[in-house]
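Below: one structure, written as structure tokens.
By letter and in written order, the chains are A, B, C and D; residue numbering begins at 1 in each of them.
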Amino acid sequence: MDSTLFSYLDYAVYGTAVIVMLIGFYGAMVKKSLLKIVIGLSVIDSGLNLLIVAIGYYKGGTAPIFSQGFLENFKSVSKMTDPVPQALVLTAIVIGFGVTAVALALVIRLYRHHGTLNIDEIKNLKW
Amino acid sequence: MKKVLVILLLAVLGYYTAVTFFDIGFGQPHFVAGVKPVKDIYLAKTVKPLTVSNAVTSIVVNFRGFDTLGEVTVLFLAVTVLGSVLYKKRHAVGERSVLFNASSIVTAGSKLLFPAIILLGAYVFIHGHLSPGGGFQGGVIIATGFLLMLLAYENYSVSHTALSIVESLAGITFAGVGLLGFMHGGTFLQNFLPAGVLNNLFSGGIIPIIYIAVGFKVAAELTGVIYTVLNEKGESNG
Amino acid sequence: MIYFILISILLLLMIAASVYSIVQKDLLYAVMATGIISLILSILYFLLQAPDVALTEAAIGVALTTIIFVITIRNTVRMEEEGESKEKFKSAVK
Amino acid sequence: MVGTPVLFIAIPLMAAFLIPLLGMIWKELVRIVPGLVLTYLLILSINLLDHVLAHGPIVEVIAGWGPPIGINLVFSALSGFLVVLMEFLGLLVWAYSYRFKRNVDYEPALKYFLMLMMLITGSVGIVLTGDIFNMFVFIEITSISAYGLTAFYKGRNSAEASFKYVMMGSVASTFLLLAIMIIYAQLGTLNMADIANKIHLMNPTLKIVSYIFFVTALGIEAEIFPLNGWAPDAYAEAPGPVGAAFAGIVVKAAVYAIIRYTYTIFDLSGTFNFLIIIGMITLIIAETAAIRQEKLKRMLAYSSIGQMGLVMVAFGFGTEEGVFAALFLMLNHAIIKSLLFFSGSYLTYNSTDKKISEVNGMSKFLPITSLLFALGAFAIVGLPPFAGFWSKLAVMTAAADSNMILIMALVLIVSVVELVYYLRVVNRVYFYKKEADVKPKRPTVNALIVMITLGAIILLVGFYPDAVTGLLHKASAGLMDKTQYIHNVLSVR
């Protein structure tokens, strides 16, 4: 098929992941709302996970599952995508969810104390 | 001013990250020449000694099972921290925040869907070593089932005691099966059960047992997370 | 060709959703945008031959993360405040 | 052998899952069980360390797969020394915080001791593990417990400090994962020894990028300038004993991780100038900030950051003497800073702001606590008969061996600065009149026992440093010998 078009994809997936991460970083560093900061952190996580899964991908590879069909017309194992990044991302997603939940709980408690989410008005502590 | 600095910093960071990953390359073999990557060993050993169909499962539960033990601990800790951060003396029944007033169609539909969702979750984590999915995915699906009920019914409540009993028992099963691996001079998390036949439900030794325990644990933990956050009624300044 | 267009659209949508989630002042919409990012991600994972990760992302990213964000917004404020005084804000809530 | 290294992780996790059930039977068990677990692990770690010093490192594989495939734990002289230190301090923190302030009620006590136990377990895991992704998981366990412990008090500042910590921690884990994935994409392995064996094959640019990401991520946990914005707040807002746990346990684990990456995994060698520069900047900025602090705990926090900078400088020499000095410094800092946090916490027990002015004249009401605080202050400054003197001397010797006169002068100047701000507090404790509205609180028996134990250790190390130097020399020799480490791990089947 059209291989020149596909050569763009080589950069597109990584590029998108990095751009999404940067957007998340921007949100977490610049925005004043506590919730926006947490949203930024979760956007960073999304980009990062895409980046990691993309590392394991091989062109024309199959999912790393030895189903009945795969075993019958046995193809080479090297045609499978790399399962290690997938396993690591599984761990990373679950851990990221735990951290997000903790951050949101802190946001709720800060709101209860201060009545606002604006980071400028919550500065009892020097940064 | 701050924004410009941030953008400059991010531009540098983004440039180096992007260049690094473009160097690695997408969709083609990227390992350095002369290196035998562990993934080949994993893929080879998934079928032969382990008789697991899903390579991701064999990595998550067996080769790198120690990570998974740490991971369920992270979730367990997240529930603990949530409880500590949002701690209140006692809850009156029905005093949780209601996201919307569900109509009778939603409540009836939820009642109908709930068993199906639980069944799907159970199916996903029991077949974790055969098909995509496993303890985490199944556990999360079950937790979404409880979430649906919590949203549809204002007075639906989950017993904290029951949740923590399920969670503890599942955790003890995981760590206990791991310690049982020390039998016959093995190591922690050693696969000590017979392997069975590939693509059968009863195959893979201890892997299905651990994944089922993980499923129960993740389901209880995530339900606990949702329930704790949902019980938090806002608007109480001071 | 279809494959190429599909992936390009998904990637562009993902960037757009992430920009929207940072720029949007209404936090509820911003959170919905992160849910959309997760949805797109889960399709992308499927296309990248990672069904396990796709399942996890669909369940955790789309359902659970979004819902705890929504609950948090419910318990706090819906709009992002930029540099307004506390008194003004309090009267706006009541 | 009496046990294996994996028990350091498996037993506390088992206990953590069991504690909520036990609490339903008898509520006091949620306090007792963590103590029993920590006591058992302390005994186990001492036994294993004894074994290791006689017979060489223990490498344990998990799930029956040998090193490049599975995860392995390495219990060497270095990691064994740190594990003993962590379990010991953990036991002391547990004993000190038994029924401490909010811990009297059942629910908070359950959560506090769970989080404390997991904090220690996570740090021990960071030190023991031989796998970079496993280290990431343990870092997350440690950080989440630390977030919870920072926000433990209901005061309004604690949640804010914790939120700051969560933000920095998330950024740290992002960078850590990026670095891990760059290494995996190049070398196809996650095992430390295997990576160290193959690192010369890696593309040099990618190697540098991933090393920078590693140092950025771990620098956040290890309080290195400019990534330590969270530290003073977290120390100041967390409960007093938790401050000791942060200074003595968490930071030590993070420093260990940086050192492991620098010395073993990446094929860097010679003098690490960037470590010296980062360490010096951290040291100078932290000590000058400490002298301006109004609050006691913030002052201790900045002093802690400064000490970490000094540790970095000592590691940066790249010689065996430098490593020895750094390890000695880490040991001393752990025990002395814990004593300062423990006794300082009672000196300002009932105050909300923990101002330094509130310790005025406390020596008349709390004679033993004040004496121990003064002992700790003199020891950390490095006055001769106490423990801190020998470690500062070791740093000076190492600097002199490397012909770095500037650093010797800097260490001396910094010691003077430290002397100034610690003497300011001690002076207030002994020679000022007590302010009327400050109510002193007598330490409980368990707290007193803990503080006296630490004081005795400081004196012991001060008068008889040979008690620990032998072990430290072995540990530093083990860190310097990279090929031996690789051989030890990879030869296990």
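Keep in mind that, in the parts below, a residue touches a chain if its C-beta (ideal position, glycine included) is under 8 Å from a C-beta of that chain, and two chains touch if they have at least 3 such contacts.
Small disclaimer: the values here were computed from a predicted structure and weren't measured.
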Third chains touching both subunit D and subunit A: B
Interchain centroid distance [CA atoms averaged], subunit B/subunit D, Å: 30
Length of the line joining the C-alpha centres of subunit A and subunit B, rounded to whole Å: 16
Distance between the centres, which are taken as Cα means, of subunit C and subunit B, whole angstrom: 21
Length of the line joining the C-alpha centres of subunit C and subunit D, rounded to whole Å: 38
Set of subunit B residues in contact with two or more other chains: 17, 24, 30, 37-39, 42, 54, 56, 64, 67, 71, 74, 77-78, 81, 85, 132, 136, 225, 229, 232, 234
Where subunit D touches two or more other chains, by residue: 133, 137, 140, 144, 147-148, 151, 159, 162, 178, 185, 190
Per-residue multi-chain contacts in subunit A, two or more chains: 9, 13, 19, 21, 26, 51, 54-55, 57, 63-65, 84, 86, 90-91, 94-95, 97-99, 101-102, 104, 106-109, 111, 113, 115
Chain pairs in mutual contact under the definition given at the outset: A-B, A-C, A-D, B-C, B-D
Subunit C - residues contacting subunit B, complex: 51-52, 54-56, 59-60, 63-64, 67-68, 70-72, 74-76
Partner subunit D, residues of subunit A touching it in the complex: 21, 28, 34, 37, 41, 44-45, 48, 51-52, 55, 84-85, 88, 91-92, 95, 98-99, 102-103, 106-107, 109-110, 113-114, 122, 124-125, 127
Touching residues (chain side subunit A, partner subunit C) in the complex: 1-2, 5-6, 9, 12-13, 16, 19-20, 23-24, 26-27, 31-33, 35-36, 38-40, 42-43, 46-47, 49-50, 53-54, 56-57, 61-65, 81, 86, 89-90, 93-94, 97, 100-101, 104, 107-108, 111, 115-118, 120-121
Residue ranges of subunit C in contact with subunit A within the complex: 1, 4, 7-8, 11, 14-15, 18-19, 21-22, 27, 30-31, 34, 37-38, 41, 44-45, 48-53, 56-57, 60-61, 64-65, 68-69, 72-73, 75-77, 80-84, 86, 89-90
Parts of subunit B lying in touch with subunit D, wherever the complex brings them together: 16-17, 19-20, 23-24, 30-39, 41-42, 45, 62-67, 69-71, 73-74, 76-78, 80-81, 83-85, 87, 161, 164-165, 167-169, 171-172, 175-176, 178-179, 181, 186-191
